[in-house]
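Letters are used for the chains, namely A, B and C, taken in the order the chains are written, and counting of residues starts over at 1 for each.
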Amino acid sequence: MSDTRPVPLMVRVRASGQRRVAAHGVWIGAIVMLAVLPYVFSSRLSLTTLCLMGIMVIFALSYNMLLGQTGLLSFGHAVFFGMGGFFAVHAMNAVEAWGVPLPLVVIPIAGGAAGLLFGLVFGAIITRRSGTAFAMITLGVAELVSSGALILRTFFGGEAGISTDRTALVHPFGISFGPQFQLYYLVAGWCLLSVGGMYALTRTPFGRMCNAVRDNPERVLFIGYDTQRVRFIAFSLSGLFAGIAGALVAIDFELMSSSQLGVEQSGTVILATFIGGVGEFAGPIIGAVLVTYLQVTLRDLTDAWQLYFGLLFIFMVMFAPDGIAGALARQRPVLQAGQLHRVAPYYVAASLPALVAVVGLSMVIEMADQLTVHAADGPRMMFCYVPVSADAPLAWAVAGLLLAGGTWVFLRAAQRAKDAYDEALSTAHPRRVLP
Amino acid sequence: MLEIIFISTLNGVLYGMLLFLMASGLTVIFSMMGVLNFAHASFYMLGAFFGFEISRYVGYWPGLLLAPPAVGLIGMAVERYGLRRVHRHGHVAELLFTFGLTFVIQELVEMIWGKLPVNYAVPRLLDFSAFTVFSTTYPAFKLFGLLISVAIFAALFLILRRSRVGLIVQASLTHPEMVGMLGHNVDRIFMLVFGVGAGLAAVAGVIAGPALVTQSNMAALLGPILFVVVVVGGLGSLAGAFAASLLIGLLQTFAVASNASLASLFGQVGGLAGSGSSLADIWNVTVAQVAPILPYLLLVLVLIFRPRGLMGTRDT
Amino acid sequence: MKRALASAALGLSMFGAMAAPSAAAGTLKIGYVDPLSGGGASIGQMGLNELNFIAERINAKGGVMGKTVKIIGYDNQLNPQVSLVQVQKAIDDGVRIITQGNGSSVGSAIEKFVTRYNARNPGDEVVYLNYGAIDPALTNQNCSYWHFSFDANSDIKMEALTNFMKGRRDIKKVYLIDQDYSFGHSVAEAAARMLKVKRPDIQIVGDEFHPLLKVTDFSPYIAKIKASGADTVITSDWGQDFALMIKAAGEAGLKVGWYTYYAGFGGGPTAIKQANLADDVFQINEGFDNLDHPPARAFISAYVGRFKANQSFWPRLVNETGMLFEAIDEARSTDPSKFVPKLEGMHYATFSSGGEGFMRKTDHQFFQPLFISVFGPLGPNQPFAEENTGWGWKEVAKIPVADTILPTSCKMKRPG
């Protein structure tokens, strides 16, 4: 809520002008950053990871159109992702077979069209319900489609999937999109386009109606809008953008298989969106980048990465259900009131014991893993470049101390940080009731 | 023909009863608390592994007695320290919490017992074939499972309908504030209900473990079917869950027994079946091949046309 | 709080990212791309254990051309797309030899990727050694110069199996049951085709496909097999599906001969013992523990002594690494473009029996003697039991190399 003191008109105009520059600045900054990134992270794996992040960003944002903006929890969003990808590979193979001079850059349109089509078809039936029934139907549909994909072997290619060659299409300006470097710019371009499109949607009256349906569907009916219609359109449009993401992933891997349609892929996007934060537009972007990065690196660091993921998820659901972006958004009033310097030391003071506790927990998990899963390799292992013997009581004592001690100190420091935050807020708005 | 029908009916009933055993706990939790517990199948898996571990030292029967209460206690702790915090953030957060819990439990089970199946053996007392029908033998252990399922159904039904505790629990579902004002500790009731639900899942685990394969992925295999049973049966209805389990068990078993396909019914239409096209795939697929996905089809249809389920007392 | 967690998570992974991939001149890196977490992890871990064991032994003898052999595991969770990311990670880490064996969908994706990569990056070639993805397409229509298959593909195994069944007059009615995916379909189709040619008198009384890893109750399928009157079942089922099916068969009192590809792994032996089906379940593969070949038995004893919890292993990985090291020695180079020509056409004394196999140049398929074994109580001179059941695999027949040869449709694009 804005400050209610009367502000001279001139100041207000200038402030809005500044705000507009700031808003455009974000987009310009994003374009510059996207253009420069591959020069900073230029290894093959980094480029692949960046491409995957871009694709996941589109996918997660499309999912948030359902979850964050319209309040619909879906377990089958990967269906549109997968269908978009399959239509894209078939389109690419057809273009190659018939010699049509269509460049690679327009192929994601085929994916988007497929996503939209299936969104319309499924949405007509599914969006008749909302809430838990909706979630259950999407789960059933997801299982049906992924099982059906194994039966319809011709279109879906069985488990091996359908493969294609992205360099086989016509090369505009001599760009074949073979090197990962060139592919990155394709993905980045489409990512920017999609993010822009989805952002624009949130600013339209339709976007507002979605929020209204999420918050108070009864009221929406009283005003005279059809909630089912709103849900239906939101569902279809989110399918459109998920289809674009699917087409891009098919182009990236030059392969599309039915595993991309399934419940695990749907689960990943839920994870990414939720961790990033469903309440803010930028939330899924943060979540997508983080989860993709963790998936690529954590997998080879530790066997127990699923355990870490599960714990992270549970932790976020319990203590930070509005995600990373939500937590950052809560700092905004403090920032605006210029009180950040008051709370920042408390945040740092709280994050240190948190880090210690996480290290302790990780040590416990890794040592347990060494003793159980890798029992045949003996108890000697490396934890963060420190040699440790997994069955040594000293090591366990240290780990337990770090975990317990870190948690205890963290809880105290978190409480202090929370108090400091409340105080900073009340200083910023002395005459208002705290939210 | 008669043989196939009789055997399929018997197999279908046995399978359906196993499903009910697993789904009974979930029905109780879902009906009473409105919480869709994704981790229910994980409690089932914990029950099987706890039963296995106990049976390694003292035999199967102590496992049957001790594993369910142990898992029930874990369930109560999960509710008290986890779900209760998440409850105020809404249904979505609850679902996601139990979703994350499945990963954690599966990974812990894998770390402790490994990824290979474990040799959870049928108890010697029941390791014989009960009867032979049409040259197919039926093991006594499966009939034991059938008896337990029926017994649990009867017990739950009586407790919920006839006892004071059951009435209070039913009331807490629809009027929690009123029940609280009457002096009952609603929080504790929910905790007990969740614990009982988890314990029931564990009983299913101890029974199904030797019958099926006890392995760290058993939760992921059975999880989705349980939701189908609960939703198709209807919210708030134990009898509905019983009926739905039987229905799904019989449906799947009869579907597997049938080799019918569109091709077998209508013949090869103008070389359609030979052509390598999607239409050919659909034309040639047999009912047996799609049998395990029929429950999901049922789920989607029920939710669209009759969201109350077979015998539900209120909408999902 | 949440920022702290995010930064901690990032920090932990930074520890790994900071590790500079040492391009030490003294190491020969082999990338192992298979599942190390999730459902397939127990099988994936087996291969990694075995490769590490082999690497230790060869390093104790001075390594390969003086270089230390280093095995790096890349978890792919049986997912083709994740596998491609992992292969790229391996290439970034300086790995030029990729090995994989679980899942033809993954194998196919890796083969296509490696072929494309080598075409787009001449001079940086990578070679893909396949020890278990047995889709025939990999050495037929999708063959590649940079791919080598060390396991008999599913058609070759069926050729060997049907050659064995040709002489068994007690087999009259055969029931085919397989998992409903490409591999299952290809095995069933090959079985029907080959039996019709070799034993037209055999009746195929069932051709069943069940969904992959979704069925919990196999009793209806067992009932169908019984109703058909079959005396033999041919199945390519593995893992969970095979275990549940065998248990259901034991419970229902079904007495048939089971001819399988993968009964020996992932819980199969445990299930067979639980079902009490002694001497009824056969498997076809390139070797099993109780073969009477002293060098193999010495290796196996050392291996099971070391890996007590997970004693199964693949003889074909020993063949693969043996041939790889020999090719490198012959070519005096670890550059794939130099040792691939030495690897194709190579003759090699296989691990399990010492019988000679050869790597066919036309399609890079390794042909070797195959064995049929049966699972049951052990006799004298049969020291190795499986999965702590007390039962083990016993020899029934040896299929000589000549009886396993199949033509190929491969038209390989060779460099230069």
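Following the convention adopted for this analysis, a residue touches a chain if its C-beta (ideal position, glycine included) is under 8 Å from a C-beta of that chain, and two chains touch if they have at least 3 such contacts.
Please read these numbers as outputs of a predicted model, since none were measured by experiment.
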{"item": "Chain pair bearing the highest count of C-beta contacts", "value": "A-C"}
{"item": "Reference chain A; chain at largest CA-centroid distance", "value": "C"}
{"item": "Length of the line joining the C-alpha centres of chain B and chain C, rounded to whole Å", "value": "35"}
{"item": "Gap in Å, rounded to a whole number, between the CA centres of chain B and chain A", "value": "32"}
{"item": "Shared interface positions of chain B, touching two or more other chains", "value": "110, 114, 289, 292-293"}
{"item": "Overlap residues in chain A, where contacts from two or more other chains coincide", "value": "147, 151, 153, 304, 306, 373"}
{"item": "Where chain C touches two or more other chains at once, by residue number", "value": "41, 45, 180, 211, 214, 309-310"}
{"item": "Complex interface listing, chain C residues touching chain A", "value": "1-13, 15-17, 36-38, 41, 45, 49, 73-75, 77, 79-82, 84-86, 88-89, 91-92, 103-105, 108-109, 112-113, 116, 120, 135, 180-182, 211-212, 214, 306-310"}
{"item": "Parts of chain A lying in touch with chain B, wherever the complex brings them together", "value": "67, 73, 125-126, 128-129, 131-133, 135-137, 139-141, 143-144, 147-148, 151-155, 267, 270, 274, 304, 306-307, 309-311, 313-314, 317-318, 321, 368-369, 372-373"}
{"item": "Touching residues (chain side chain B, partner chain C) in the complex", "value": "3-4, 7-8, 11, 14-15, 18, 110, 114-117, 119, 121, 129, 132, 135-139, 142, 212-213, 215, 217, 220-222, 252-253, 256-257, 286, 288-289, 291-293"}
{"item": "Contact set on chain A toward chain C in their complex", "value": "43-45, 48-49, 52, 147, 150-151, 153, 158-161, 163, 165, 167, 178-179, 249, 253-255, 257, 259-260, 290, 293-294, 296-301, 303-306, 308, 312, 315-316, 319-320, 323-324, 327-328, 347, 350-351, 354-355, 358-359, 362, 373, 375-376, 384-385, 414, 417"}
{"item": "Contact footprint of chain A on chain B as seen in their complex", "value": "36, 82, 85-86, 89, 91-93, 95-97, 99-104, 106-108, 110-112, 114, 224, 227-228, 231, 276-278, 280-282, 285, 289-290, 292-293, 296-297, 299-300, 303-304, 307, 315-316"}
